[in-house]
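There are two complexes below, and they share chain A, which is joined by chain B in the first and by chain C in the second.
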Partner chain A sequence: MQLLSVQNLCKNYDKFRLKDVSFSLDAGYIMGFIGPNGAGKTTTLKAMMGLVKKDGGRVFVMGRDFDEHEMDLKQHIGFSLGGVDYYAKIPLRRITSVVRRFYASWDDEAYRRYIRRFELDEDKRPTELSGGMRVKYALALALSHNARLLLLAEPTSGLDPVARDDLLELFQELIEDGERSILFSTHITSDLEKCADYITYIENGRIVESRARDELLAAYRVVKGTPEQYSAVSPRLISAKKHAFGFTGLMRTEDVRPEDGLAAEAPALEDIMIYHARKENGNEEPAV
Partner chain B sequence: MNIVISGASDKPIYQQLFDQISSQIIKGELPKGYCLPPIRTVAKELRISVITVKKAWEELERAGFIETMVGRGCFVAPLKPAELADKRDSLAADKLKKDIEYYKSLGLSLEELLELVKRYYSEE
Partner chain C sequence: MKNLLYKELALVVHPMFYLVPLTGALLLIPQWPYFVAMMYFFFITVPNVFQTARTANDIGFTVMLPVRKRDVVKARLYNVVFLEQVQIAVAAPFAARNNALYPEGNFLLDAGIAFFGLTFAMYGLFNLVFLPMFYKTAYKLGVPIIAAICACVLFAGAAETIALIVPGAAAVLDGIGPQALARQLPVLAAGIALFVLLSWLAYRVSARRFERVDL
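Up next is the complex of A and B:
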C-alpha cells in the first residue's frame, strides 16, 4: 500500500526554488531523504505538511489528497522538525495533555509504554532534555496517536553515535509489522547505509534520485585512473577530483567500459552525494 | 539458521545471505520444511534493510532452495539428495567459471591448474 506520494511539489523563494519534487513511499519501509545543506530537505517536508504554502503539486497520504483531508490525514502522521521545539519551557506532562486533545485515536496506554521505554521524565522541560531525548519524546507523541507515517527532519543530528544507533534500531523495530513508514532527512549518510530501504536524494531543489538504496548504489561506480585516462573518459564522468597523479570520479555503472582500464569500485552514499554536488557547483551556475 | 553479515566484504549483503543460507540447506543444516523467519524480523535482527532480505529470499526461491506459501511464510524446499547435489554442483560451477577466466589470464594450462588444485585442496 502506498502511504505517501508527493507529486510535482513546487515552492518558490527569492533565492531558492523547489522544482517538481516527486517521490513515493510504500507502507513498511524506511526512506532516507538526503542532500547537502540548503538542498531543500526541510522545505520539502514543510511544504508537504502545509507549514509553508506550496506553489504547485499535490501530496497524497494513504491514497487521499492531503489538501482536501488535511485534518483527518494529520491523525495518521507523526511530524517532527528535530525534536519538540515548541513550548520549550513547559513540562512534558503538560505538553502531552495539550497535544493528546488533537488526536481522536490517542492511546494513553501506548504513551505510558513509550515514556517508560524511552526513560523520559515527564517533569522535565524540553530545554532540559538532550537532543536524543527530544526526538524520542516527539516519537512517543507520534506513536501514541498511532501514526502510520513518520516524517522526521534530521532526527539524528546532534546525537552521539550510541544515541544514533539506538534511534535507528528503534526505526527498524517500528516498521517491522509492515504498517508504518518512516521518511527522515539527514546529512549523515552513514545513518542510511544499514537501515534505509529507499533513498531520495535532493539537490538544489530538484530530486536527483529516488529509489531502492541497493539499486542506487549499484547504479554508480567510483572510478580512478591516470591523467591520460581522464581526458578519454571525462565526458562520461558525473564529476571528478583531479590530483597530481590522476583522478577519482563518479560514473554511472552503465558508462563504465572495461577497455578504459579504470579501477572501479562500489560507491558509498556519500560518494554519490559529493560528486553530484561537485557537478552542480562546477559545471553550471545554480539555476536561481 | 546462522547468519553473519560482514560490512567490509566486497560481496553485496543479499549475496552473503544467499550464500550462507544456500550452503546451510545443501549441507542439511536447514532441513526441508524448515520455516525461515519472516523477512522483516531478519531485517530488524541483522540491522539491514527489508529490501535486501527480500532480494536474498527471491534469489533463494528462484534457485529452488526455498518456497513461499502465501500467508504462511517461506520454507526450505523438499529437495531430494540428488537435487541438492545438482544445486551444489551448479553453484560451484558458476564460481569456478569465473575463477578459471582468471587462471587463464595468468596463462595456466589445465594440467598445471589441476596440479595446483590437488596440492591445495587438502590443505587449509
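Up next is the complex of A and C:
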C-alpha cells in the first residue's frame, strides 16, 4: 500500500525554487531524503505538511488528499523537525499531558514503554536532554499515537555515532511489521547505507533520483583515468575532479564503455551526491 | 477548542499572569479613569504571553500536533479572549464595592454596567488591531502592540469625552444605582456583541494572514 505520494510539489522563493518535487513511499519501508545543505529537504517536508504554503502540487497520505483530510491524516503522521526544539524549560511530563489530548488513538501504555526503553526522565526539561534524547522524545510522542508515517527532518544530525546507530536500528525495528514507513532527511549518507530501502536525492530544489538504494548504487560508477583519457569521456561524465595524475569522476553505468579503459568501481552514496552537486555548481575544475 | 485552550494555559501562560486581573482592585480608587485598570491586561499580560510563546517556539510545537495551521491562531485567540474575560470577571466585584463606597459617583465614567460594556468593546478593538497585525509575521510584536494600545487609549479617551460633552450621552454611559441599570444594560449587551464580532473578525483576518507565513 502506498503510504505517501508527493506529486509535483512547487514552492517559489525569491532566490530558491522547489521544482516539481515528486516521489512516493510504500508501507513498510524507510526512505532517506538526501541532498546538500539548502537543497530543499526541510522545505519539502514543511510544504508537504502545510507549514509552508505550496505554490503547486498535491500530497497524498494513505491514498487521501492531504489538503482535504488534513486533520484526520495528521492523526496518523508523526512529524518532527529535528527533535524537540520547543518548550525548552517545561518538564516532559507536562508537554506530554498536552500532546496526548490531541490524539484519538493515544496509547499510554506504549508511551510508558518507549519512555522506559529510551531511558527518558519525564521530570527533565528538553533543555536538560542531549540531542539524541530529544530526538527520542519526539519519536516516543510520534509512536505513542500509532503514527503510520514518520516524517523526520535531520533526526541523526548532531548525534554521536553510537546514538546514530542506535536510532537507525530502532527505525529498522519500527518498520518490521510492514505497517509503518519512515521518511527522514539527512546529509549523513552513511546513515542511509545502513538502513534506507529507498533514496530520494534532491539538489537545488529538484529531485535528481528517487529509487531503491541498491538500484541507485548500481546505476552509477566512479571512474578513474589519465589526463589523456579525459577529453574522450568528459561529455559522458556527470562531473569529475582533476588532479595531477588524471581524474576521478562519476558516470552512469550505461555510459561506461570497456574501450575507454577507465578503472570503474561501485560508488558510495556520498560520491553520487558530491558529483551531482559539482555538476549543479558547474564546478568541474579543482577548487585549489 | 478545549484542547487548544488547555495547551495555551498549560504551556504558554505563566501562572503569574493570573494575578494581573487583580489590577481590578484599582477600581477602588476614588475619582479615577477606570479604563486604566482594565488596560493592565494589554500593558502586561499580552506582551509577556506572546513573548513567552515566541521564545518557547510555541508555533513549532503546535504545528507538530494534529491541527490545522490556522489553529495556531485560534488557540491564541481563545487564550486572549479567556484572559480578557477573567480580567473583567475579577474587576466586577471591585466595581460593586466601588459603587457602594462612592455613591456620589466619579467625575469621569462610573464603574457601572455601561463601563463594562465599553470595556468589552475596547477589548474587541484591541483584538482586532493587535492580532491581524501580529500574525502578518507571527514574529514581530512591538509595532502591533503599540498600535493596539494606542487604538484602545483613543477609544477610552473618546468614550470619556463623549460622556462629558455630548448631551444625553452621560445618561446611558454614566451613573450607578438601580435606575442606571435599565439604561445601561443595552450598552453592556452591545459591548459584548461588539466584542464577539470584532474578535471573530480578528481571527478571520489573522488566520488568513498566518496561512501565508512560511514557517
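Note that in this section the second predicted complex is superposed on the first by the 282 of 288 C-alpha atoms of A that agree within 3 Å, B and C clash if a C-alpha of one lies under 4 Å from a C-alpha of the other, contacts with A are read in each partner's own complex, and residues count from 1 in each chain.
The working rule: a contact is a pair of C-beta atoms (placed from the backbone, for glycine too) under 8 Å apart; a residue touches a chain by one contact, two chains touch by 3 or more.
The shown structure was predicted, so the numbers you read here are calculated from the model rather than taken from an experiment.
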Chain C versus chain B on the shared chain A, clash or fit after superposition:
fit
After the superposition on A, what does A:213 contact: first (chain B), second (chain C), both or neither?
first
Give one of first, second, both or neither to describe whether A:133 is in contact with chain B, with chain C, with both, or with none.
neither
Of the two partners chain B and chain C, which one touches more residues belonging to chain A?
C
Let me test your reading of the model: by the given contact rule, A:95 touches which partner, first (chain B), second (chain C), both or neither?
second
By the touch definition at the top of the document, which applies to A:199: first (chain B), second (chain C), both, or neither?
neither
Looking at the overlay, does A:170 come into contact with chain B only (first), chain C only (second), both, or neither?
neither
Looking at the overlay, what does A:74 touch: chain B (first), chain C (second), both, or neither?
second
Minimum CA distance, chain B versus chain C, superposed model, integer angstrom?
29
On chain A, the residue positions that both chain B and chain C contact, one per complex
none
Chain B contacts chain A in the complex at 7, 10, 12-14, 40-41, 43-44, 47-52, 55
Inside the complex, what are the residues of chain A that reach chain C?
13, 46, 49-53, 70-71, 74-75, 77, 79-81, 85-90, 94-95, 97-99, 101-103
Chain B contact footprint on chain A (complex, rising order):
28-30, 168-169, 172-173, 175-178, 193-198, 212-214, 266
Which positions of chain C touch chain A when the two form their complex?
3, 6-7, 10-11, 56-58, 60-61, 63-69, 211-212, 214-215
